[in-house]
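Each chain carries a letter (A, B and C) given by its place in the written order, and its residues are counted from 1.
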Amino acid sequence: MQSFQVRTPRRNAFVEITQQVQACVASSGVEAGVAVVFVPHTTAGVTINENADPDVVHDLLLTLDRLFPQQVPGYRHAEGNSDSHIKASLMGSSCQVIVAGGGLVLGSWQGIYLCEFDGPRTRQVHVQLLPGARE
Amino acid sequence: MQSFQVRTPRRNAFVEITQQVQACVASSGVEAGVAVVFVPHTTAGVTINENADPDVVHDLLLTLDRLFPQQVPGYRHAEGNSDSHIKASLMGSSCQVIVAGGGLVLGSWQGIYLCEFDGPRTRQVHVQLLPGARE
Amino acid sequence: MQSFQVRTPRRNAFVEITQQVQACVASSGVEAGVAVVFVPHTTAGVTINENADPDVVHDLLLTLDRLFPQQVPGYRHAEGNSDSHIKASLMGSSCQVIVAGGGLVLGSWQGIYLCEFDGPRTRQVHVQLLPGARE
């Protein structure tokens, strides 16, 4: 397992981590298999989405804020970040990317994002490489 | 593959299964890799979220019920559990946790939950261990 | 890694791909482990849900359209498909299914779906088999 840290800038932000994950793949020496990316947090997640037009990330965050406001009648959790927890579960605490030829197999527009929902903070990201079946 | 059963108490409930998954890891003898947790159901899911304050789970369920009520004009599925199906896809039918030193690598506040959305029922959980690449 | 193509019929559609994924498992020769299914797109996803009653898929699509309309005040992304991107992240760009006895371990009602949110298009699906730990 390899790990790295990410500093997030605001309460809600998507920070691209594709390069850091690719570096983990390279240093592992795995040529074919899967890279598992995991965040050990309950108010942050991981997702894969477009990294070409930053307006996509803007609209993703806008949508999540529209549907999951911070204050909702009935919320009991005293820290006031119940919206952060639901967003984290919706994005998920991990993603996986296939590795071939020693590199991540991502589509032309795909990037891997750490999803911050209760920042700014310093977050941890763990990466585990799994070797594929021999073909 | 290992399997265990979980009895769920209500229509909507998060039941923590971290200990059972850890037991699967221990009995597998895998020291480093990934544990894949999978539920073979279409109205239940799996997620990772906070297991310290039970109010977090309360608020997660409240949010899902607010956005996905059981009765919605236009629903065709005759069993009356279309909300259960969408919640299951949003949480996902599986999660993965990195294994290191023979144990699950979870954050301080993270627990693994079976998400019941059409209970009470007895649910199955499957766990498969994947060995990691040698470092 | 194996790949296949899927032609989607409409802007929003779930197309079942269970048979194609099973064929990848069979041709890999892997008896026990996990099949990772990945779509290299940012306006399509993958999910596992009921494949018995087509009304379930109808109701899933209806729910996603109700919560994520195509036009929302404040959206900046010029392509007019911000709803497609958020739906893709909610379903996820990958899923994983345990393999045992050379076959997918799915529940009685589970099927694997490519989720199209900006079709009709021809989409790619990648499948990577991961061998399980020896028991």
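Criterion: a contact is a pair of C-beta atoms (placed from the backbone, for glycine too) under 8 Å apart; a residue touches a chain by one contact, two chains touch by 3 or more.
Computed from a prediction, not measured in an experiment: that's the story for all the values here.
> Count the residue numbers both chain B and chain C use at their shared interface, divide by all numbers used there, and answer same if that is over half, different if under half.
Since fewer than half of the residue numbers are used by both chains, the interface counts as different.
> How big is the rotation, 0 to 180°, that puts the C-alpha atoms of chain A on those of chain C, in steps of 5?
Resulting rotation angle: about 120 degrees.
> Rounded to a whole Å, what is the gap between the Cα centroids of chain B and chain C?
That pair's centroid distance is 19 Å.
> Residues touching two or more other chains, restricted to chain C: which are they?
Residues 33, 67, 90, 92, 96, 130-131.
> So in the complex, which bits of chain B are touching chain C?
Result: residues 1, 28-30, 33, 36, 38-42, 67-68, 72, 74-79, 82-83, 85-86, 88-90, 92-94, 96, 124, 126, 128-131 of chain B touch chain C.
> Could you please specify the touching residues of chain C with respect to chain B in the complex?
Spelled out, the residues of chain C in touch with chain B are 32-34, 47-50, 53, 55-56, 58-60, 62-64, 66-67, 90-92, 95-98, 100, 105-110, 130-133, 135.
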